[in-house]
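In the two complexes that follow, subunit A is the common piece, with subunit B as its partner first and subunit C second.
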Partner chain A sequence: MNRLILKINIYDFTPLTQAIHDALSESFSPGITTLIEMVIIGIAFITLFTILGLVMVYAERKVAALFQQRLGPMRVGFFGTAQTIADAIKLLLKEPLMTKNADKFLFNLAPFFVIIASFLAIAAVPFAKGLQALDFNIGLFYIVAVSSLGVIGILLAGWSSNNKYSLIGSMRSGAQIVSYELSVGLSLLTMVVLTGTLQLSEIIESQQDGWWIFKGHIPAFIAFIVFLVASTAELNRGPFDLAEAESELTAGFHTEYSGMKFSFFFLAEFVNLFIVAAIGATVFLGGWMPFHLGNWEGFNLIMDFVPPIFWFLAKVSFIIFIIMWFKWTFPRLRIDQLLTLEWKYLLPINLVNIVVMAFIAMQGWHF
Partner chain B sequence: MFKSIYNYFSDIYTAVRSLLTGMKVTGHYVFHPKEIITQQYPENRDELKMFDRFRGEVVMLHDENNEHKCTGCSACDVACPNGTIEIISDWEINEEGKKKKIIDKFVYHLQMCTMCGLCIPACPTDAIVMSEDFEHAVFDRSKLTKVLNKPGSKIMDGIK
Partner chain C sequence: MNELKTGLETQEYFINMGPQHPSTHGVLRLMLTLDGEIIKNVEPHLGYIHRSIEKMCEKDQYRMIIHLTDRMDYLSCHINNEAVCLAIEKALEVEMTDRIKVIRTIIDELTRLSSHQLWWGVMGMDLGAITSFLYGFRDRELITDIFEETCGARLTMNYNIPGGLMFDIHPNFQKRTKEFITHFKKKLPEYDDLLSNNVIFKQRTQGIGYLSKEDAISYGVTGPSGRASGFSCDVRKLEPYMAYDRVDFKEILSTEGDCYARYKVRIAEMWESLSIIEQLIDNIPEGDFQVPTKKVIKLPKGEFYQRVETARGELGVYIVSEGKVSPYRVKFRSPGFSTLSAMNKMATGFKIADLVAIMSTIDLVIPDIDR
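Coming up: the complex of A and B.
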C-alpha cells in the first residue's frame, strides 16, 4: 500500500496505474489481474457517475436560476448544496410504476441501454495524463459510435411504454440523432484532418504547443461552433429537447418511468453532457494540456504548475456552461426547423469547412 | 439565383446575431447577481417592504381621534362581486334633531375576499384602503370575519 501512495503524482498518473498493475500481477495470473482491474475501473466509474450526477444537477439548477434572475435551491444545506442528495434519496424511495400494457422486458431494458452507452463512452475519455481507461487508436471514432447507442434505449423506452407521447418523443429523438450525428462526426473529422490521428492521447499530445481551436484558424472555430450546436442536439437538451418537450409531450420518452428507472435516464443525460463536453475539450481545447503561449517560458511554467486534471475539468465546465447557456436562453425549435437547421445549414457549412480545413492542412498554413 | 444565395448567408448572419443578442441578455444576468429578483421570504420578514399597489386585505383608516370616514353608504357592498362586505347600519339623532345613518359594524369576511380591490374605488369618501399585510393564515375560521371599524370609533366631522 505504501508503495502505491508514493507513486501518486498529480501531474502524471502513469506510474500509479503501472504500480497497481505490477502489484496485482505479482499475486494473480494475467487473466484474474485483468478481471480485478476491470472491477476497479468499473467501481471508479460508478463512483464518478454518482458524483457527476450530484454535482451537475446542482450546477444545472443553480446556473438555470442565475440565467433567470433567480436564486435556485437555497434551503437544503448551505446554499442548497444538499438538494441533489435529497433528490437522489427521494428517487431511490419511489415506487417503480409500469403502464398496464407495457412491454415489460423492453420497458425494463431501456434504461440500461441508455446508461450503458454512457458507460461505454466515458471509458475512452482522457481525464489526465495516464488517467484513461481505454486508449484505442480509434478512440474518437469509438466515442462517437457508442454515444449514439443511447438512442436505442430512448426508442425502446418510447415503444415499450405503450403511450403515444412516449412514442412521438422517441421517434423525434431518433430523427434528431440520425441528423445531428452527421454534423458531430464531420466537425470532429475537421479536426482529425489536422491531428492526423483518432487516438485521443495523441490528439492531446499534438496540442502541446497550442490548442487546435487557436492553431486551426477560422475553420477550427467554425467546427467548434458546429460541434457545440450539433452535440447539444444530440444530447436532447434545450433548445433541441423535442424528445421530451414538456409542453407538448408531458415528458416524452420517459413519461411512464419513475423511481430509479427514471433516474437512470436522468443520470445518463447529465453524464452524456459531461462526455460531450469532454470530447469538445479534448479535440478543440487541448484536453488536460495546460494553456501555453508560444515562447513565454515563465508563463508556460506557471501554467504547467496547475495539475492537468484541473485543466481538464475547467475546460469541461466551460463547455458545459456554454451548453447550459444555450438551454436557458433559446426557445425550443419546431421539428421542421430542427431538420432545416441540420440539413440546410449545418451540414453544408460543415462540408465546405472540412474542405477548407483540408486545404489549410495540405498547404501547412496551420501552426 | 444570386438573390437566394445572398438570402441564405444573410439568414445565417441575422440568425447568429439575434442568438448572440439573446445570449448577451442572459449572460448579463449571470454576471450581475445583484439583479436577482427572488427574495428569501421568511428570513427577510423584518425588512420586507411590499410595493405601493399591493393588494393585501381591506382595512379602514382611523385617525388619532379614533375617527373614520365611513358613512355607511354600502357602495363597497354593492361593488363587491362576492359579498365579502356586510354593513350593519344604525341611526343616530344629530344635534339638529335629524336622523342620520351611521355604521354600527363594518363586517369584512376575509375568507370570501379575492383581493380584487373593487371596493376601494367604489368608496365615495376613501374610507377603506388595501393594506400591505399578506399573512392571513389563522387556525380558527371565525378569526377571518373581521369588524373593520374600531370599537368606539365615530365618523369624522364633515363627511357626508
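Coming up: the complex of A and C.
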C-alpha cells in the first residue's frame, strides 16, 4: 500500500495507475486483473456521477440565481450546499409511479439507456495526465457515437409513458438530437483535420505549445462556436429544451417519471453536460494541458505548476458556465426554427469551415 | 376518398391543454386538434373557476359588490373596483373631488404597470426565458409595496369605495411613487435588452397569431391586443373618466396584429403609464378623499353602464336597478372572455409552441373569463 501512496503524483497519474496494474498482476491472472480493474473504475465512476450530480445541480441553481438577481438555495447547510443532498434523499424516498397503460418493460428500461450512454461516454474522458479509463485510437469517435445512444432512452420514455405530451416531447427530441449530432461531429472533425488523430491523449499532447482554438485561426473559433451551440442542442438544454418544453409540454418525455427513475434522467442531463464540456475543453482548449505561450519559459513554468486536473476542471467549468448562461438568457426556439438553424445554417457553415480548415492545414498556415 | 393509400392509418391528434397546465396560467382547458404539431382547431372550455360573481352581486348590497370584482381580473383589481364605483356614482349623480379623481388615476396606472410587468415576466417564461419572470417580479414588487402602504393590501386592494377612496394616501405615497418611476425608467430598457431585441424572441413572435382589424372588431378584442391590430379602442381616450381628460398621453396603435405587435404595444403602454403618473404625481390637489354617501346605497330605478380600460381591455359594468339595496341584475363585459373567443382564429395553422406565445400575448387572466 505504501508503495502506491508514494506513486501519487498530482501532475502525472500514469505511475500510479501503472503501479496498481502491476500490483494486481502480481497476484492475479490477467483476466481477473482486468475484471478487478473494471470494478474499481466502475465504482470510481459511480462515485464521480454522484459527486457531479450534487455539485452541478448546486452550481446550476446558484448560476440561475446569479442571473435572476436572487440568492438561490440558502437554507440547507452552509450557503445551501446541502440542498442537493436533501433533494437526492427526497428523490430516493419517493414512490415510483407508473401510468396505467404504460409499457412496463420499456418504461423501466428507458432511464437505464440514458444513464448507460453517459457512463459509456465518460469512460473516455481524459481528466488529467494518465487519468483516463479508456484511451484508444478512436476515442473522439467513440464518445460521439455512444453519447448519441441516449436518444433511444428518450424515445422509449416518451413512447412507453402512454402520455401524449411525452410522445410529442420525445419525437421532438429524436429529430433534434439526430440533426445536431451532425454538427457536433463535423465541428469536431474540423479540429481532427488539425490534430491528425482521434486519440484523446494525443490530441491533448498536440496542444503542448498552444491550444487549438488559438492555433487554428478563425475556422477553429467558428468550429468552437458551432460545437457549443450544437452540443447545447444535443443536451436538450435551453434554449433548445424542446423535448421537455415546460410551458408547452409540461415536462416532455419524463412527465410520467418520478423518484429515482426521474432522477436518472436528471442526472444523465448533468453528466452529459459535463461530458460535452470535457470534450470541448479537450479538443479546443487543450484539456488538462496548462496554458503555454510560445517560448516564454518562465511563464510556462509557472503555468505548469498548477496541476493538470485543475486546468481541466477550470476549462470544463468555463464551458459549463457558458452553456448555463445560454439557458438562463435565451427564450426557447420552436421545433421548425430549431431544425432550420441546423440544416440551413450550422451544417453549411460547418461544411465550408471544414474545407477552409483542410486548406489551412494543407498549406501549414496554422501555428 | 382520393387520398393516397400508404397503408398507414392516420388520424388527428387530440390534446387537452389544461385545466392543469403550466402555460394556461389558471384553469383554462383548451381542446386542441393537432396534425403533427400543427394546430387544426382550438376549442376553449370554460367553467373550471366559475364562482357566479354576477349572481352573487344580485343578493349583495352595492358596497359589497366591489369586493367581488377584485376577484375577477385580479391583476387590475383597482380598475375593476373603479368600474363599479363609477357606475354607482353615475347613478347617484355625485361629483367626485379632484383629489379623488387624480389619486384614482395614478393608482389605475400603477395597477396597469404592475399588470404589464407581470405579463412581461410570464411571457418570457412561456417562451422559455425564465429569467424575465424574476425581472418582472422584481420591479412589480415596488408597486405592490406602494399599494400595501396605501391601503394595506398588495393584490386585491379594495381601495375604491362608492363616493371616493377608503383612506387618504399615505404621506410617503408621492415620494415612493417618484422613486419607483426613476427606478423603472432605468429598468424598462433592460426589458428590451433581454427580450424585445432578442433574435429568438423575434422569430418566435413575429408573424405569429395574426389578427386582422376586422376580426378584432367583430370578436370584440379590446385593450392592447385589439390596439395591436389597429383597432382604436382605448376607453381612456374615447370616454375619458376620472382625470384622463387632463393628462397628455398617446393611444398606442399598431397595424401588424401579430404577437410581436401585441408585445410592443404593451411595452409602449408601460412608457405611457409612466408618463401619466409623472404628470399627475406632483399635482395631487387638496380636498376630500371621500364624498359623503349614504351607508346603505340605493340606486334609483333604471339601467346604468360604465366602461373602463383595464390592463386587458374594456371592462363594462351594466347594472339594472329596481330601486332596492341590491341590484336586480349585474353584467360584466370582461375583456378576457372576448379575447379568448378569437383564439381559434389566431392559432389555427400554427404550432403548439406558437399557441403558448399567442396565449401569452393576449394576456389571459382566467378568473376574468370565468366570472
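The rule we apply is simple: the second predicted complex is superposed on the first by the 367 of 367 C-alpha atoms of A that agree within 3 Å, B and C clash if a C-alpha of one lies under 4 Å from a C-alpha of the other, contacts with A are read in each partner's own complex, and residues count from 1 in each chain.
Going forward, contacts are C-beta pairs under 8 Å (C-beta built on N, C-alpha and C of every residue); 3 or more make two chains touch, one makes a residue touch a chain.
Just so it is clear, the structure is predicted and the values come from calculations on it, not from any experiment.
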Superposed partners subunit B and subunit C on subunit A - clash or fit: clash
Which of subunit B and subunit C A:Ala133 touches, first, second, both or neither: neither
First (subunit B), second (subunit C), both or neither touched by A:Ala175: neither
Which of subunit B and subunit C A:Phe67 touches, first, second, both or neither: both
Touching partner for A:Met303 - first (subunit B), second (subunit C), both, neither: neither
First (subunit B), second (subunit C), both or neither touched by A:Leu149: neither
Partner contacting more residues of subunit A (subunit B vs subunit C): C
Which superposed partner A:Gln337 touches (first subunit B, second subunit C, both, neither): second
Partner chain in contact with A:Trp328 - subunit B first, subunit C second, else both or neither: both
First, second, both or neither for A:Ile20, with subunit B first and subunit C second: neither
Partner chain in contact with A:Tyr345 - subunit B first, subunit C second, else both or neither: first
Overlapping segment of subunit B (options 3-11, 39-47 or 111-119) - the one that collides with subunit C in the superposed model: 111-119
Overlapping contact positions on subunit A, where the subunit C interface meets the subunit B interface: 67-70, 328-330
Residues on subunit A engaged by subunit C in the complex (per definition of touch): 64, 67-70, 164-165, 168, 238-239, 241-242, 245-250, 328-337
Subunit B to subunit A touching residues, read off their complex: 12, 19, 22-23, 25-27, 29-30, 33, 35-38, 40
Complex contact set, residues of subunit A against subunit B: 63, 65-71, 74, 325-326, 328-330, 345, 349
Complex contact set, residues of subunit C against subunit A: 13-15, 21-23, 37, 124-131, 133-135, 138, 194-195, 198, 200-201, 203-204, 351-356
